[in-house]
Structure formats: structure tokens, C-alpha cells
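Both complexes shown next keep chain A, but they swap its partner, so chain B is in the first and chain C is in the second.
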Partner chain A sequence: MADSKLPKSALSRRVYLIYIIPAGIYLLLLALYPFVNLLWMSLSNVTTLNIVRGSWPFRGLSNFVALGHLSDFVLAFRNTLVFVLIVVSVGMLGGLGAATLLQVKGRLSAVGLGLMVFTWAMPPVVLGSLWKFLLLPGGLVNSILATLHLSKGPLWLVQENLVLVSVALVNSWAVIPFSALVYRAALIDIPVELLDASSVDGATPVQRFLRIKMPLLLPITLILTVLTVVYAFRSFDFIYVMTYGGPGVASTTLPFLSYRLSFINYKYSLGASVAVFTVVIVFILAFVYVRALRRTEQT
Partner chain B sequence: MGVIFLIVIYGVPLLWLAATSLKDNRAIFANPGGIVFSPSFQAYAQMAREGTLGRAALNSAIISIGTTALTLLLGIPTAYGLDRVRGATLTVGLGVLVLLQMIPQTATIIPLYRVLGAWRLLGTLPGVVLADTALYLPFTVLVLRPFVGGIPREIEEAAAMDGARTRTAFLRIIVPLLANGIATAASLVFILAWGEFLYAISILTSPDTYPISALISQQISAYGASWSGLMALAVIGSLPILVVFVVAQRRLASGLSLGAVK
Partner chain C sequence: MNKISVPVVCLLALLAAPLFAGGQNEQSGATASGTVTVWHYFSVDSQVQELKDLAALYNQTSPNVRVNYVFVPYDQLNNKIVAAAAASTGPDVVVYNGPNVGQFVDAKAIIDLSPYWGSYADKGLFAPAVVHSIGGKVYGVQGYVNLLGLWYNKDILDKVGVRPPTTIDELTAALQKVTAAGYKGITLTGKPNDQGEWQSYPWMSAYGWSYSSPDAAAAQKAFALVSSWAQAGYLSRIVVTWEQAEPFQAFTVGDVAFTENGNWQLGTAKANAHFNYGVTMMPAGPNPSKVYLGGEAESIGAFSKNPQLAWQYLQGSYFSKAGQLIAFRDVGSIPSRSDAAQDPAVTSDKLLAPFAQEVQKVGALYPPDAGPVTKVQNAQLVVGQQWSAVIAGQEDPAAAADKSVSGVRAELGQ
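So, the complex of A and B:
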């Protein structure tokens, strides 16, 4: 009779675990094992000769030490930090701003929200290609700037001191809808009575925003920050399509560097080292943020 | 007022995408920022003649549908099992999934290339499907779990008292109740897989097998001058997204904020 009723206690746990097994095995083989492989690669010397077959000579941490001396790595690290900073700040502030603007009900809001969500859903290769075109020296953006007599029209994707920012801004643009959706849901959750009561007490919209909305939005902001930071660190598609890391390494971030080292320079071990380094940084950052989140939840 | 601004910065680029695909290539070359133009279907006609589009679209469809199906097949039971098992297993499981999601694609492609090579799956579309599924499975489980959480355990207990086994309860009762969540997850995974190109260009060897996203990524480097062609390809490549969007807009919006945040 045991198998004709809902199992209880230890037996029931076993049944539920069975449901997890297929995905567990799958991820073990195609996600966890490759990751361990990556770690091993970063600690050995892997070349085109021994990547598929053959054994890898162990090299300890020498690859990581070599990275420290590689100017491309240092530059890529700095670029990644700048990139993440831009995408997180513009992406989240833009999202909050958009969510606030979209609180107004009506057709226009619906259209605006729809366009934003659709943009988010589009493949990054398409969006990146589109903006590459828009940011051409004679492209639409510069045409508009010229018509408004604002600027001669910078070389967005060519000037070394501008490339990274340009790609970061495009990436932010693509990511704002996500933050906007999250903030929109959070704003809707704020009890109307709270806001009405404060109006009665004479609070201005700005005060309402700063004193009531922002503190209530703090937990969601922290979660969103973790997600956006992780996303920005991993971001690869836009750079690949818009600038291919260039000119030189002006727009190379850590993920792109690891790709280039492995697939263009065939320096698999170095590429793996950069990748492991990136993952470690991301893990640490996420850990720190989750800690902060727990603390705010306790207060 | 501000909403108009949003409509402009999100509407104009999309409009420009469509408009450029209808321009003559020489006109673009002369003036990439030109607003006035006479429409021409030259780019689309050329694509139709060359025939690459049909093949690429089929490849995209195989990859996206295959990945969506496989992730759901593996992910739905996992979301159910994880949510119901509770306790330490749940915490560890979620932790592993969240960590896996943080690993950049460029990190996993290197060893994944080797694993697929050992299984002789390099250069094949199923190889890409397997790689993409591994990539999107954690996300799928994380999106589905809140939906499973929304189904009260009493339903399973009631089914058990009627004599149903767990598996029957799962298939006949839980899964149908998850229809909403499944539709949300399916839409999201399909969109993501449709746009995925790194695994595709790394695993596939022949451009014949490239999906549209891979073609677009390569067009940039190879055919820098044919903007109308590229935009036309991009427009066609975006149509399925448009379809999914029109059908599932509300689900996308809620699934994103719900699943990703909780």
C-alpha cells in the first residue's frame, strides 16, 4: 500500500529527490564538469596540441601570475569595472526613472512599456548591430546632434577614450526595461494609503519619493544591484558585435579577453585563467551583496 | 511628457531598423543618417535569391525549439522536486543554480567545447541545443519555482487520499496547474535561445548550420558595407520575437520580475 498514497517523511523526500535527478545529472555533466575542467585548465598548460587529447602539464598558479604581468589583462580588468559601473548606475537609475514615469496610466504608458519590453526581448546581436549603425560617423545620432548644433559628432565607436562608454551606454539602454519592470512591480506594491497620508500631512512629491518610496525600495534595489552587477560582468554580446574589443583593447572586458585569448590567440590556459578570475570576482561581489541584503531584511 | 521621451528612445531605433532595411545600399553608403528615402526591397530580394535566410531560419528554429523543449523537460520536474523537498536540499540546490547562472558564457565555452568534442557533437545542431540547455536550465528552474510554490501542498495530499501516486499527481494535476509558469518560462527561454550566438559560432563549423543570430554576428565582420542587408536580416530575425512578445507580453513582464527576483 506504500506506493498508492502520498509518501510521508523520509520516503517522501526520496521521491522528490528523484524528480531532481535528471536535471542534476545533466548539469553535472554539462555545467559543473566543464567548470571543474575550466579550473583545471587555468592551473595547467593547455595548447592546441593537447586540448582535446593528451594530458595537461600542471603549472599551479603560474598562469595567474602571468596575468598580473599582462598589460591587456590589467586594462581589461579596469575596463570591466568601468563598464559595470556605467551599466549598473545608468541601468538602475534609468529603470527607476522609467518606472516612475510609467506610473501614469493610459495608452501612452502602455505603448512605452510595450516598446521597452520588446526591446529587452530582442537579441543582443540585433540591438548591437543596430546601434553600431546608428553610431556611425555619418549615422543618425550624429545627424541629429549636427542638426541641433550640439556637437560635431564624436566618433563613438572609434575614439579610444569613448568606445567603452558608448558600448556601456548601449548595454544600459538594453537593460533598463528589466529594472523598470522590477521597480514598477515594487512601486505598485507600495500602499496607497501611506502615500495619501503623507500628502495630507503636507509632503511634497519629492519628499514622498525620498522619505517613503526609496526606503521601501531598498531591498529590491539590493537584489537588482546584484543581478545587474553579475549581468554586466558577464556581458559579452554587445562588445563582440559593436567593437570586437577594439580599437586595440580599448573596449575589451574580462569576458571578451578570455574569449580572445582562447579562441583567437589559442592560449587556452590564459583564457581559462581570466575566466576563473572573473568568476571568482563575481562570486565575491554577489556574496557581499547577499550579506548586505540579509542585514537589511533583519532591520 | 516623460513617457514620450521613453517612447522616442525605444521606438526610434526600432523604427530605424525597419527603415534601413528598406533603403538602397548605395543610398546608405552615401548618407547613413538620412531620414528621407525611397523604399526599396533590394535587401530582402537579395536575401531571397541567395537562400541563406531560409536555412538559417530553420537552424534558429531547431535550436530554439529544441532548447526550450529540453529545458522544460528537465526543469519542470526539478522545480517541483526542489520546492517540495524543502530543507537543506532546497537551499543548496538554489545556491548551486544561482552560482551556475553567474558564470560567464565565455568561461564555459572553453571546456564545453572539449566535452562536446569528446562526444562527437561538434559541428552539430544537437550539440548547440545541449550547450544552450545547460546554459538556460538554472534560469528556467529559478523562474518556475515560484509558480510551483504557488500550488498548495493540500492538492497533492487530496490526490493521495484519492489513491493517486506521486507521479500521477504530478502529471495530471501539478503540471496543468503550472501552465502559466510553463508558458512564461518557455517564452523567456525561447527568446534567449533565439538570440544566443556565442555557443553557435563556437560549436558549429559550417556557415550552413548557422542560426540567424550567428549570421548577424558574423555579417558585421565580413560584410561591413552591406547595412541594408544586415538590417533586413535583423528584421526577419526579430519577427519570432515579435510574435512571442505579442502573445506573451504580460507573462514576460511578470515572469521576469517574479522569477528573477525571488
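So, the complex of A and C:
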């Protein structure tokens, strides 16, 4: 019997390999090849003269050295960190809050969930354009603030100290539905008996949240954090639609700088260097979080 | 065996003739058939109407050809053309911002039009400035010229007793009066891109700015002017997020006294502005305000499946007198053919007269002749960014002027 099972098991393994071939080809063509091309571009001198035809002269790390002397790069890096921090913190906390509210079953919850999915499915370009109008000096947001006598209404997309925060908050708003849906599924998975037992033992709702729910949500929080950080780091659409990296260069982040250098200035290699730098940062952050996640799972 | 009869030779020749001359026969006049794909970035109603009317005009002589217009957003057209060329594909015809011809030639995305242009009977009617040549070869030709002027709401000016300004000082005084009367002053674009720079140039040049010899004092005066307007409330700072079409949309509402915008808005004005309006030349400073002579160039894609048909479409639309009069009628574009420009329909148009004067008196090369096209465009972007930062109140005029000069010099290697 044992002998007859061996070939079958080996065959199963081969079949398994066959199944992953399509995904492998997909990754190879649409992820690995473009990335290798990007990397090669960042190490070469690519211009409009040779981008289509002709060889790309090798330049080593000179493009990365040049980035250090680019004042916009330092600003874009700082802006990106601020942007990521806001999107991750507001997006995650907002998602957790929304999930807690939507956890209760009922019509309102169903409507809320429907709206969340609708928002999540909307293209960022549409959401960005919509918020651009809402944040106009005489737009809905400022009108509400004026009605409530809270503020005369700042210029959200103009003032230097506000523009990046405004776009980041809009981006966070777009992230909340995804976080909320994931958190809601995790919250529903928490055994009711555990929460009931803690109530019998006299735990307050706050204690139940901090001592029982939060520890159980930690693994999913770590995964969500990795995903949100990656999402925020590569965020481009909202900045492109709402501010075009301006006024001046006030809301320019690394992805937008990469776009501008590559497709406006036609400095393809410099733009590729910014993109590679961004990928490396994201990779390091993802690596750190994945390790932290593994440690948590082990403990 | 070796002998072939004369009738057989004639028959073979008759059968083989389309193989050798098929392209020619297929393209000529009413017998031409196929599809011409045209990439463009027009989204304003009047511009879209112009495209439809040009296709209809061409179809009068070539009814069996389908003109397939493909919209590509302005910011994406250049990249898409270059990317398409990399994949050995692309449109038959591309309608694009004329100064970008250099990038398309570098990327081998468009063909040399010289063989077609050289044998084109009407080529002598086109102004040299609208024929884009590189290395002695013609790559693109503009069917019209576009440029900026100062549009004004005549009803508002009449109410406050102001005449259309001819100088920057008169304009500032007018802005003070109209805003004091409760109207909005002026709209323009302060977006940190080529559109922002395009609109900044008349003000910058009025104080003596040039790319061949950038002067911080000149830039500072221009920046100080818009900064003072923004501080006084004559100009909303939100314009830093506006595309060039948006200031004009705001103007057509009717509560804005002035807008800096182009002749191509004529169709939009006729359709949407329900008040009396006019146009005057860009007001002068210590120097005349120079205005870029822009407009879209038309080229044939390097991977066009039927360049002969594409050329035929261009001849029958953008490059024909009737086509240029359509562009004038629908959009307000100034014809590049001398016979179309002298047509009574054009010469009698009061709104277009200031633009025509600008072409003659203060028209400036776009991009400026200060070095290789790509480098000059990068230098222009630096100025566009500072223009944006000043309007937003983020940058002091003096600091912005210094950054402009150093940025331009760095890009141009001066």
C-alpha cells in the first residue's frame, strides 16, 4: 500500500507545480521583468534618444548619487514619510473604529457596509476629483465649517502646511473601507464566549477592547499595516489629481517625483532611481513587519 | 515554352498592377477606404465639435474612410506616444502640443513628413513658424496658432467705469475697482506645470524676463505682482490647482472681471458666457508682454499602417483652408494658412483682432530659443513651479526669483 501511494504523491506534487505555472508566468512578465528593467534603467543613462531603440550606457550608481544633490528629492522623501504616517495611522484607526460600529448586525450596519464597499471600489481619480471640489474655498467642507462657526475655511489644497495633510487625509479616507472590512471580519471571529466570560468577571467595555480584542487583532493589524504602508508609499493618483505635486513642489512625494522626472522632465534614469529607492524602502519596511509578524505568531 | 503571348503579358500586367500601385489607387479621393486613427487631448465641447466637423469635411471627399478619434489626457499623450512607439505601434495621426515634436523625433515615434510636404502644392501658404523641422526634415505642421489674451467681462467693466486695460498698472487699478464693487478680479492658472509657465510668461516678459539671459530682478517684479494680487484678493490662490480650462469656466459664470486665456476659448465663450465680453492684448509692463505662439501640431505616427491615408486626412482637414476655417469657427483658432487668415470671416471678427495683433507685435517662439527643446522645457517647468508657489503664498517673490534663475541656469547649463 505504501509503495502504491508514493508515485501518486509525487504526481500530486507535479500537478501542484503545473497549477502555479500561470501565476508564475504572470509574475515573471508583469512584475519581475518590469522591475529588472527599472533597475537596469536606474543604473544606465536613458534618454528619449535611446529609450525605444539603442543600447543604454551603463552609469553605475551615479544616478543615485545625483539624487542626493536634488533638493526636490529630500523634500519628496520627507513628504512621503509624513504622507505614509498619516495614511497608516488615520486609515487603520478609522478602519478599526468603523469596524467596531459595523460589527453590530442591523440595517444601518448593512447600509454602512454597502457604502464602504462602494467607496472602496471607486477609482482614486474619481475620488480625488470629488474631494478637490469639496475642498474648494467655497466648497462643502468649508461651508459646513462656516455654518458651525468653527472656521472661516482654510485653503486646504493651497496652504503649505495643509496641502499634504489634506491629500493624505483624503487618501486615508479611501483606505478606511478596506481596513474596516478586514477588521470587521476579524472582530466577528473573536469567540463570543471569551467576551461573555470577561463580562462575568467584571471587565468594562474598554478593558475588554484593550485586553481581549486588541491582542487577538494584533496579527491582522500587522498584516494590514504592511499592506497600508505599501499602499501609502506608492500612492500617486490622489496627488496627481488634486495638487499635481504643488503648489510649487509642496505636496510632491517620491512616486510623484519619479513620475515628474521620468515623464515630464524626460530624465528616465533619474526617475527610475527614485522608483527603485522607493521600492527598497517599502521592501525593508515589509521585511521588518513580516519578521515581527512571525515572531508574534510564534509567541 | 519560353514564349509568352502579348495578350497574356497584358493580362498579367493588368492583374499585377494593383500589387504595385495598390496604395496609390486605394488612397485617391473618393475611392480611398480604411480607418485613420487620430490621438488627441481635446476635451472641451467646442474642440470636440471641431474634431467632428473636420472628420465630416474630410469625409465629403473620402466617404469610405472612418476617422477614429482617440482621446488621451493632455498629461499622458507624450508618454503614451513614446511607449506605443517602443511597442512598434501607435496612431496614424497625432495632434499634440507643437513644441514636443523634438521628443517624438528622438523616440522615433513620428515619421519624416518631408516627402509629403515637399510635394504639397499649398505649402507656400503656411507661415514658417508653424512648420516644425528638425535637421532639415519636416516632422509636424500646425493647422492653426493659439495664443493668450486678456478676456474681460464688459458688463462688469461698464458698471464700474473701467476701460479695458493696456498696461499692468491700469489692470491693477481696474482690479481694485471691480473687487471693491463686489466682483471677482482675475482668473488664470497657477498650476506647477507647463500650463502655469505658459500663462506666467506674458507677465514675466513684461518685466524683462527671458530664458536666454534670466534676470532675478525681472522675475521678482512679476512674482511680486501676482503675489500682491493674491494678497489683495484680486486673484484666488486656489488657481494653483486649476488646469488652464478652469479659469475660463470660472469667467463664464459672469462674476469675474478678467481672465488670462486663449483664442481657443471663443467657442466656449459663445456657448456659455451669457454676458457681454471682449478681449484685449496682454497688458504691457515696462516692456511689451510677450505671448507664446502655441497651438497643436499634426504628425503621422511612425507605425501608421497607412501613412498615405493619414497624409490625405491631414490635407483634407487640418491643412485645408476649409478645415482651418472650421477650427476658427468652432474654437477660435487662428488659421496658419495665409488664404484662410485673410478670409473675411476671420478678418472681421472683433474678438480675434487683439490676438491677431499679438501675433504680429508680441508673438514669441514657444518654447523659447534658448537651447535644446527638452532642456528649455525643463527650465520652463522650474519657473512654472515657482509661479505656483508664489501665488499660493508659499514662496517669497525674491526667493522664488532666485530659485527660478538658478534652476533655469542649471537646466540650460548656462
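Methods note: the second predicted complex is superposed on the first by the 271 of 299 C-alpha atoms of A that agree within 3 Å, B and C clash if a C-alpha of one lies under 4 Å from a C-alpha of the other, contacts with A are read in each partner's own complex, and residues count from 1 in each chain.
Just so it is clear, a residue touches a chain if its C-beta (ideal position, glycine included) is under 8 Å from a C-beta of that chain, and two chains touch if they have at least 3 such contacts.
Every value quoted in this text rests on a predicted model; they were computed, and no experiment measured them.
Peer 1: Is the arrangement of chain B and chain C around the shared chain A a clash or a fit after superposition?
Peer 2: Chain B and chain C clash in the superposed model.
Peer 1: If you stack the two complexes on chain A, which partner ends up touching A:196: first (chain B), second (chain C), both, or neither?
Peer 2: The answer is neither, since A:196 touches no partner chain.
Peer 1: Kindly classify A:244 by the partners it touches after superposition: chain B alone (first), chain C alone (second), both, or neither?
Peer 2: both
Peer 1: Is A:132 touching anything from chain B or chain C once the two structures are fitted on A? First, second, both or neither.
Peer 2: So A:132 meets both chain B and chain C here.
Peer 1: Classify the contacts of A:263 with the two partner chains as first (chain B alone), second (chain C alone), both, or neither.
Peer 2: Both chain B and chain C are touched by A:263.
Peer 1: Tell me which touches more residues of chain A here: chain C or chain B.
Peer 2: Larger number of chain A residues touched: B.
Peer 1: So which bit of chain B gets in the way of chain C here: 7-15, 151-159, 205-213 or 241-249?
Peer 2: Stretch flagged for C-alpha clashes with chain C: 205-213.
Peer 1: Following superposition on chain A, which residues of chain A contact chain B and also contact chain C?
Peer 2: The overlap between the chain B and chain C interfaces on chain A comprises residues 51-52, 132, 136, 244, 263.
Peer 1: Of all residues in chain C, which touch chain A in the complex?
Peer 2: Counting only chain C, the residues touching chain A are 78-79, 82, 85-86, 103, 106-109, 190-193, 236-238, 240-241, 374, 378, 381, 385-386, 388-389, 391-395.
Peer 1: Quick one: which bits of chain A touch chain B in the complex? Just the residue numbers, please.
Peer 2: Going through chain A, the ones touching chain B are 3-7, 13, 15-20, 22-24, 26-27, 29-35, 37-38, 41, 51-52, 97-98, 101-102, 104, 108-109, 111-119, 121-127, 129-134, 136, 138-144, 173, 177-178, 181-182, 184-185, 220, 223-224, 227, 230, 233-234, 236-237, 240-241, 244, 254-256, 258-259, 262-263, 268, 271-272, 275-276, 278-279, 282-283, 286.
Peer 1: Hey, which residues of chain B end up touching chain A in the complex?
Peer 2: Spelled out, the residues of chain B in touch with chain A are 2-7, 9-11, 13-14, 16-17, 20, 31-35, 74-75, 77-78, 80-82, 84-85, 87, 89, 93, 96, 98-112, 114-115, 117-118, 130-131, 133-135, 137-138, 141, 156-157, 159-161, 163, 165-166, 169-170, 191, 194-195, 197-198, 202, 213, 216-217, 219-221, 227, 230-231, 234, 237-238, 241-242, 244-245, 249, 252-254, 256-258, 260-261.
Peer 1: Help me check something: in the complex, which residues belonging to chain A touch chain C?
Peer 2: Result: residues 47-49, 51-53, 132, 136-137, 155, 157-160, 242-250, 263-267 of chain A touch chain C.
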